[in-house]
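Just so it is clear, A, B, C and D label the chains in written order, and each chain counts residues from 1 on its own.
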Amino acid sequence: MLMKTWFSARKFLYDYLHDEKNETRLSKFINYLLIALIIGNVLAVLLESVNEIYKSQQLLFDIFENISIVIFTAEYVLRLWCVAEASPGQNVWKTRWQWITSGGAIIDLLAILPAYLNFWVHIDLRFLRILRLLRLLKLTRYFTSLQMLLRVIEREKGSFQAVLFILSILIVMAAAGVYIVENQAQPEVYSSIPASMWWAVVTLTTVGYGDVTPITPLGRALGAIITILGLGLAALPAGILATGIANELAVRKQEIELKFQELLHSHEIDLLSDRAQIEEIRLQVGLTSEQTQDIVLKLLREQQEKALAEKRQRFCYCPHCGNRLPEDPGH
Amino acid sequence: MLMKTWFSARKFLYDYLHDEKNETRLSKFINYLLIALIIGNVLAVLLESVNEIYKSQQLLFDIFENISIVIFTAEYVLRLWCVAEASPGQNVWKTRWQWITSGGAIIDLLAILPAYLNFWVHIDLRFLRILRLLRLLKLTRYFTSLQMLLRVIEREKGSFQAVLFILSILIVMAAAGVYIVENQAQPEVYSSIPASMWWAVVTLTTVGYGDVTPITPLGRALGAIITILGLGLAALPAGILATGIANELAVRKQEIELKFQELLHSHEIDLLSDRAQIEEIRLQVGLTSEQTQDIVLKLLREQQEKALAEKRQRFCYCPHCGNRLPEDPGH
Amino acid sequence: MLMKTWFSARKFLYDYLHDEKNETRLSKFINYLLIALIIGNVLAVLLESVNEIYKSQQLLFDIFENISIVIFTAEYVLRLWCVAEASPGQNVWKTRWQWITSGGAIIDLLAILPAYLNFWVHIDLRFLRILRLLRLLKLTRYFTSLQMLLRVIEREKGSFQAVLFILSILIVMAAAGVYIVENQAQPEVYSSIPASMWWAVVTLTTVGYGDVTPITPLGRALGAIITILGLGLAALPAGILATGIANELAVRKQEIELKFQELLHSHEIDLLSDRAQIEEIRLQVGLTSEQTQDIVLKLLREQQEKALAEKRQRFCYCPHCGNRLPEDPGH
Amino acid sequence: MLMKTWFSARKFLYDYLHDEKNETRLSKFINYLLIALIIGNVLAVLLESVNEIYKSQQLLFDIFENISIVIFTAEYVLRLWCVAEASPGQNVWKTRWQWITSGGAIIDLLAILPAYLNFWVHIDLRFLRILRLLRLLKLTRYFTSLQMLLRVIEREKGSFQAVLFILSILIVMAAAGVYIVENQAQPEVYSSIPASMWWAVVTLTTVGYGDVTPITPLGRALGAIITILGLGLAALPAGILATGIANELAVRKQEIELKFQELLHSHEIDLLSDRAQIEEIRLQVGLTSEQTQDIVLKLLREQQEKALAEKRQRFCYCPHCGNRLPEDPGH
C-alpha cells in the first residue's frame, strides 16, 4: 500500500518535472515559479556586487540565497528520484545515472554545488558569486528555440575551429608587425608582441576601442590592412552560420516530409484534419509551425497533382492500332 | 438623394485613401502631400529640440503642429468613415472596428492621441515631442518593400529570442568576469557587476566605444575572449536572416509558380501577353518584377519542353515487332 | 580612297578601344597604359593635398594634369568617333548618342569635364581636385568581376531602401531618447536631437567611435538596447546580400545550363572539346570558370545517365506473357 | 642488401611523415611533438619581444632556437628524401621537385630559410623574429577543416577583388570629402587626403577607434553617410562567403552522392555496413561525418523507394482487356 503511494507520487512528480509536453496549469505554475527564482537569483548576484546595496541589505540577500539553495536542491533531488519513471523497464539507478550525466542535470548540479563546497573549502566570496550566475544556464531548459542554434554551432564546430586558427595567425602576425613598426614611436603602448596583441584582437574583431592605436604613417598603413582583413574575417562566421542554419533546416524539413509521406502511405494521417499529430511530429523534429505549414501545403499539393496525373495516365494507347483505349472501368 | 451623395462620397474617399492600387493623379498627390507633412513633422520635432531655433520660431512651430494635428485627425476620421466600403456586405461598425484594431490604424491613432491627451493630463513637453516622432511610423504605409523584411523578422522571432538569451548570458558572465579581474585596478569604472555590464554590451556587440576598457593583462586576456565571442555572436543574426530571407523568397516563388500553373492549366493566362494579370499576382504575393520575370521565363521554358516531350512520346514502339508505330492521327 | 582609309582606321581603333574580347598585345598595352595613367592621376590628387609636396612640385603636378587631360580627351573623342562601328547598319550619330548616354561614357566625360569647366566658371581648387578623383571610376571598365555584385545590389535595391527606412526611424528614435535621458548630464554633447543623431548613427552602425557616449545609468541602459538593435540591423544587409548573390548565381547557372542544353540538343556543341565556345558563353552569362565547370560536369553526367536509362528502357515486358522481350536490334 | 635497407627505411619514413591516413601511435606521437615544437617556437618569439624576459633568459632562447632549427631542418630534409615514395614509377627528383614547389613545402622552407640566410646577410634581429613566426603556418598541415574555407576564399577571389575595389574607391572619396569639410576645423588631424584616409578606413570597416573623428556638423553629416555605407560594405564579404560556402558544400555533396551511386550501381558498396569505405570517400571529398551521414540516409531512402516503385510497376494492365496482369514469376 505504502509502496503504491510511493510509486504514484513518483509518477505524479515525473509528469510535473520532466514531461515537457505536460501543459496543465500546475505544471506551468511550477515552471514559472522556477524561472522567476532563477532570474531573482541572477538579479541578487548583480545587486550584491554593488557595495552600498549589499551592506544595507546583507541579511535579506543571505536569506534569499539560502531559500534558493533549498529549493534548487529539492528540485535536483526530486528530479533525480522521479526520473526513474523515464524508462520503466530499466534498472532505476542506471536511468538515474544517465540523467546525472546529461547536460541539463550537470547544469542543475553546477547551480547548487558551489554553495555546498563552500562548507568544506573556503572559496573567495566574489568568485563564489560568479559561480552562482551559472544558475542562469538553468533557463536553457525552458528555451526550446535555442536548441537548433546550438545544434548548428555544434555541427559547424570544425569550421569555427578553422576560423579561430586563422584569427590566431592573424593576431600574432598583426601584433608582431605593429610592434616592429610602432615600438619606437609608442614604446610604452607597443612594448612587446604580447602587449601589442591587445590592439590586434581589438582591431581584427572590428571592436576598435581606440585606447591603443598606431600613430606613425607606416603603422597606420599596416593598421589599415589589418582592419580590412578584420572585415573579411568577421564575415567568415556569418557565412558559416548562414550555410549551417540553411542546411540544418533543409535536413529537418526533409525529415518531417519523409515522416509525413510514410504516414500518408500507410493512410495513418490526414494532413487536413490531424492537427494534433502534425504538431507532435513538428515538436519531435524541431521546426516552427510556419515551416511545418509550408511542408504540409506542399504535400497536399503533390497529393492533388498525383491524383490528377494518375487519372490522366489511365488513358492508354493501343500499340497495335494507335487508338486511345477506353478508360479502365475497374479502377 | 442625400443618402446617395453620402454613399458616393464615401466610395470616392475610400478609393483615394484606402485603395492602394488606385494610381490616379489626385490619389498620388494626396499621398505625396501626406508624406511631405509627416517628414515636415519629424523635422519640426528635431529642430524644436535646438533651443535657439525653438525660441525664435516658437509661434511658427505651434501653428505647424496645430495644422498637422487637424490634418492627421481629419485623415483618421475620414479613413474610419469610408473604410466601411471595404467589405460592402458586412456591418459597418464591425468593419470599422476591424480597421481600428489593425496595425496601420493604431499607428495613425498614436500619431494624434498624445496631442489630445495633453489637454487632460499634463505630459512633459520633451516627452510629448518624442511621442510626436511616432508619426514617422505612418510612412510604413507607403513603403511596400518593407513588408517582406518585417515578415521574415516575425517568422524568425524564435531564433532572435534565442540569440538575445545567449547574448544575455554572455553579458552577465562577461560583466561578472571583468568585474572580478579589473575591479582592483579600476575601482571607479568596474565598481560593480551592473556597472561592468556597459563594457560587456559595448564589447559583445563589437561597437567598442573605448570609454571603458580593461587595462590589466588578465583583464585584456578576458577582454580578447569576449571580443572574439562577440564576433561569433554578431554573426548569428546575419546567418538567421540570410536563411530566413532565402526561405521566405523560396516560399513566395513557389506560391506564385503554383498560381501561374493553375491559371495555365485552366488556360486563363498567357504568360507572354497578360502583363497586367502577372503584375496583379506579383503584387499579391509580394515579389519584385525581376523575381517574377525569372519564374515566368522558367514556366515558359517548361511549357516548351513539355510540348517537345509530348511530341516525342507519341512515337511508340511495338513490343512485338520492335518497329515504330505510326503517329496517332487523332491528335 | 581616303574614305576607305578613314573607315579602316575607324574599324582598327574600334577593335582596340571598344572590343573587350580583343586580346592582342597592343590592345593589352593600351589598356595597361590607361590603367596606369588613372592610378597616377589619383595618386597625384592625393599627393597634391599634402601642402609641402604640392608647393615644391607644383609645376610637375600641373604638367602631369595637362598631359592627362589631353590623353583622356583624346580617348573620349576617339571612342566617340569609332563607336560608330558598333552597329554597322544604324545611323552613325544615333549609335554615338547611345554610347554617350551609357554609364561608361558618362564616367569618361565626368573625368574630363571639370577641367574644361574651370575655364569658364571658377571652381574652388580643392573641390576641383575631388572631382578629378572621379577618374578612379574609369577603372570599373577593366573590372569584370564587379558587375555581378553591382547587379545584385541593383536587384535588391528595394530591400536596401527598406533597411535605410528602418535605420532612419531607429536613428531618430534613438537620438530623441538619448537626448531626453542624457541632456541634463551632458548638456553640451547631447544639446539637441540633431546633435544626438551623431551618437545614434555611430552606435547603430556598430562603428562606436566613443567621442560621444552616455554616462548616466539610464542613458547606458538605453545605449545597450540601441547597440543590440544595431547588431540586428547590421545583420540585415548581410542577409539580403547573401540571398541576393545566391539567387543571381542560381539564375545565371540556370541560364548557362539552358544554353548548353539547347546547343546539345541541336548537336552544335561538344562539352568535352569545345573549350572556346564554352568560354564565350561563360563570359556572356558572367560566371567564373569554376562555376561553369560545375555545370559542364553536371550536364556530362546527365548525358551519360540518360544514355544508360535509354538503354535500360529498351528492355520491355510483354503485356501478354510477362516475359522480357529481346532487345530491339533496330536501335 | 644496403640498398634494400635504404629503400625500406625511406618507405618507413614516408608512411610516418607524409601519409595522413597513417594513424599508428608512433605517427601520432611524431605529429604531436612537431605541433608542440611549433607552438613552443611561436611562444618563444612572443616572449623574446618582452625585454626583461629576453635579457634574463637569452641563453635558453638561443638554445631552443638552435634545437628547433635542427629539428625543422631534419624534418624538411627527411620529407624531401622520402617523398620519392609518393609516386613509385616516376623519376625520383621530379617527384621531389613537385613536392618542393607545393604549398606545404614552401611553408616548411620559409620556416627554416631565414635562420640560414642570417649567416650570409645580416637581417635585423627583430625582423628575423617575425619571420620565425611564419613557422605558425606549418600548423595548417594538421588542420584539415581549414581546407574547405581556403578553397571557398580562393574560388570567390574575383568577388573579393571587386569588394576591395569598391572599398578603395570609397576610402579615397571619403578621405577627400572629409579633408575638404574638416580641414579648417582640425587642420592637424585632417592635414591632407592621405592623412584623412586613416579615418576613412577605420570608419568604413566599422572598427571606429575614435582617435580621429569629424567635429563640424557638415563633417558629421558626411561621417554618418560613410558609416552607413560601411555597414553595407561590411555585409558584402559575409554575403559572398555565405553563398560561396553553400555552393562549395553543394558541389561536394553532389560529388560524394555520385561516387556512392556509381559504387551502388556496380554493387561495390553496402551503405549500411561498409563504414570504412564511406569514411575513406568522405575524407577524399572533404565533408564532415554528419554531412556524409545525411547523404547516406538520403540514398538509402531512395533505394528503398526505388525498390517499392519497381515492385509496383511490375503490375501491368493489359491494354486490350484493362485487367491487371499476374506478377511476373521470373523476377
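Note that a contact is a pair of C-beta atoms (placed from the backbone, for glycine too) under 8 Å apart; a residue touches a chain by one contact, two chains touch by 3 or more.
Computed from a predicted structure; not experimentally measured.
Homomeric contact subunit A/subunit B is classed as different-residue, with under half of its interface positions used by both copies.
Rounded to a multiple of 5, the Cα-based rotation taking subunit C onto subunit D is 90 degrees. By residue number, over half of the contacts seen at B-C repeat in one listed pair from C-D, A-C or B-D, namely C-D. Across A-C and A-D, it is A-D that has more C-beta pairs touching.
If you average the CA atoms of subunit A and of subunit D, the two centres end up 28 Å from each other. Distance between subunit A and subunit C, defined via averaged C-alpha coordinates, is recorded as 39 Å. Counting partner chains per residue, subunit C has residues 197, 206-210, 234-235, 238-240, 242, 246, 317, 319 touching two or more of them. On the subunit D side of its complex with subunit B, the touching residues are 206-210, 235, 238-239, 242.
On the subunit A side of its complex with subunit D, the touching residues are 155, 158-159, 161-163, 165-166, 168-169, 172-173, 176-177, 179-180, 191-195, 197, 203, 206-210, 213, 220, 223-224, 227-228, 230-232, 234-236, 238-240, 242-243, 246-247, 251, 254, 258, 316-319, 325-326, 328-330.
Across the complex, subunit D meets subunit A through its residues 42, 45-47, 49-51, 126-127, 129-130, 133, 136-137, 139-140, 143, 145-146, 148-149, 160, 164, 167, 197-198, 201-202, 205-211, 233-234, 237-238, 240-242, 244-246, 249, 288, 290-291, 294, 298, 301, 317, 319-320, 322-324.
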